[in-house]
Amino acid sequence: MSIIIDKLNYIYSTGTAYEKHALKNINLVINDGEFIGLIGHTGSGKSTLTQHLNGLMKGTSGDIYYNGENIYDKNYNMKSLRNKVGLVFQYPEHQLFETTVFKDICFGPRNQGLDELQIELRAYEAMKMVGLDNDLLDASPFELSGGQKRRVAIAGVLAMKPEVLILDEPTAGLDPKGRDEILDQIAYLHKESNITVILVSHSMEDVARYVDRLIVMNKGEIAFNDTPQKVFANYKELEAIGLAAPQVTYVMNELKIRGIPVKTTPITVEEAKEEILRVLKKGTGLEIRND
Amino acid sequence: MGIIRSENLTFEYIRRDEEGNVESINRAIDHVNIDVQKGDFVAILGHNGSGKSTLAKHINSILVPTEGTMWFKDMNTSDEDKLWDIRQSAGMVFQNPDNQIIATVVEEDVGFGPENLGVPTEDIWRRVEESLNAVGMMEYRTHSPNKLSGGQKQRVAIAGIMAMKPECIVLDEPTAMLDPNGRKEVIRTVKELNEKEKVTVILITHYMEEVISANKVFVMDEGKVVMEGTPKEIFSKVDMLKKYRLDVPQVTELAFELKRSGLSIPEGILSIKELVDAICKL
Amino acid sequence: MIRDITIGQYYPSNSILHKLDPRVKLVGTILYIVFLFFIQNYYGYIFAAVFLGLIITLSKVPVKFILRGLKAVLFLLLFMVAFNLFFTPGNEAFSFGFIRVTWEGIESAILMGLRLIFLLLGSSIMTFTTTPNQLTDGLEKLMGPLKKIKVPVHEISMMMSIALRFIPILMEETDKIMKAQMARGADFESGGLIKRAKSLIPLLVPLFVSAFRRANDLAMAMEARCYRGGEGRTKMKPLKYAGKDMLAYLILIMYVAGIIAINKYL
């Protein structure tokens, strides 16, 4: 059970002055239950790629296999693919339209043709998964705060019980706390339900501590595809393509250059602190308090 | 006496039902006193809903206080006769780059403000050229705004304000909808305007990295100014910032954590270099 | 499909036609169209065709590009021609079954077709050579006298130019919302009329909400930039007639005189 992308190309506005090769020969395997960060700046092709995964866009050439079946086969059921690969767009709150939160979340499962009981059960479950209180059931989605609206929109996709959940910039426009809350919730969701999660972002720092694997895109191509630690080791190359590794990566590398024998692998503040303390303790015998 | 001053500024959003009875009162700003000097680069930080944008909208009289007073260049912003003088001199850039560009050609959009002020045609052209040069968008003057990146659109919006020759620019979360490159681009532009053109800058944001360029920072929470100081002073209080739903740059947090573990590292570290230097000195 | 419609698009170039004052082009287009309907014989059509040919050459817009615009309205054109062909009474030319084609029908179909083609080409040449902003400026200036009878001329042209700015943005937004709802299983394509109309609700509600939000933001941004109506406003690009505009008016008068003369003497 996996997604295999094979030599996928996407060219739009072919033959006009605006012709653009948005995806260039993409080869990728996404395994079941993985938590992936898809990074790239605006125009790198990351959003285009995600829309190919649930069939909203069709590649100019190449194939995508979902659980071993080619989704570009004539007989392939695209509608069922959209049920299995849930896609949460950027600013998903802009798609809310129902009079109440609950009705809006029911929209997806209702389109799946489930019976009323199933629909409501799923909607309740989805609300719980994104951490929405039950007393918001009957609230108008337009009266909620930005962070809450976004949760409603994510719940709307989760209620369809996808096997793969793709979130395009789920933290855009949120404040730092709101951002951490949403990311924590997604990480929790991944752990609990074990669905495959693809987190699309332009911020390395945000996703580094959550994901198992980072896929970095640049100009329609895959630039890096590895664990965060290994990707960040190329921090100079990342900079060349307009992305930056987390600040701690720079700190660790700089320390090493200056002769302090730290490992350069830490990517979070916590890891960096441990590593620096470990080396300093050993090297200097400094009196260090641990709390 | 500063260019922007507020005294016990209070603002309430009052919601009324269909019969006009008061349904709810939401106090967005609660007795705020600020004083900003001419030429300052001030950052106002706060989480979403902390009242920072509401405060910003008082500076150029888009909103007027429910209680208390706001002065811009000694003009009371509640005084309707002064409205256009205030708006000419206190320009405002908004969050969504698409929703503040009026014209279909970059240079025509920059000319919109001066046109409204009744500036003679020749002067408009000169101002448009100066402003586009100041934000580095001259080569795009005949482009359509739709084809620009978010950061470029915001720079056009800033040029549109600069063309009105303001003394102060208020930027209401200008980077919230941009990617990291666009964010840097906008902040760099704003910083340059502050340094070269001596424009007073009020930057509203919740991105901590952007605050570093400021010479003064206000932190808002629940409609009140809860912290005030230089970026260094503000960033040395990591715990407090977290309490106000804010964040600090990773280096600052790492420095704070190391210090808490007993290393002698100075407070309020803002850059990678500072931290590395401090650790190497140990 | 929408991308194929070239009518109403601007084609950037630096031809003499592009540089003319938009008022000349507006007046010219209106005159040209009006006088198409006054033409009484084939010589007139030849004259109109030659004139149009000259204008197209002057505009430096590729003929292929112009004809692509015609393709989009081909159906309408065929319909009008067919209507005239089959439903004009007169002397029968030929018939198959119940369809009867008359000589008068053939003639009026040809004339109708020519008029429509000339009309479309003439007006698209105007939009090809004039930016939307110039067009609204031209309209504002031309309608200027209407201000005296309390027509909000400035507001109308401001609304038009704002609409022109936001149409592409809202189109993109429609596309995005549509995709987002399709990702939630929405189906915009199948079902009967009522089902389809209902399926548009998840698209239209967010679109309206967004349009209102944008309008609100824009109004605030305009006020912040001291916009307070047309009163006391100056123009960055004021319209001023130059020598070439006068020459163009002269040519227009000669064209009109030509049509009248052909009607009278040929």
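We just call them A, B and C in the order they show up, numbering each chain from 1.
Simple rule for what comes next: contacts are C-beta pairs under 8 Å (C-beta built on N, C-alpha and C of every residue); 3 or more make two chains touch, one makes a residue touch a chain.
Per UniProt, the chains are A = Energy-coupling factor transporter ATP-binding protein EcfA2; B = Energy-coupling factor transport system ATP-binding protein; C = Energy-coupling factor transporter transmembrane protein EcfT.
Since the model is a prediction, treat every value here as computed from it, not as a measurement.
Across A-C and B-C, the chain pair carrying more C-beta contacts is B-C.
Chain centres computed from CA atoms place C at the largest separation from chain A. With centres taken as mean Cα positions, chain B sits 30 Å from chain A. Computed from the mean C-alpha positions, the centre of chain B lies at a distance of 43 Å from the centre of chain C.
The part of chain C that touches chain B in the complex is made up of residues 131-133, 161-162, 164-165, 168-169, 213-214, 217-218, 220-228, 232-238.
Chain A meets chain C in the complex at residues 51, 54, 56, 79, 82-83, 86-89, 92, 94-97, 107-108, 111-112, 142, 156-157, 160. Chain A makes touch with chain B in their complex at residues 41-43, 145-147, 172-178, 180, 202-203, 205, 242-244, 246-248, 250-251, 254-255, 258-260, 269-270, 272-273, 276-277, 280, 284, 286-291.
Considering their complex, residues 173, 176-177, 179-187, 201-202, 205-206, 209-210 of chain C touch chain A.
By the touch rule above, chain B contacts chain A in their complex via residues 47-49, 149-150, 176-177, 179-182, 206, 208, 245-247, 249-251, 253-254, 257-258, 260-263, 272-273, 275-276, 279-280, 282.
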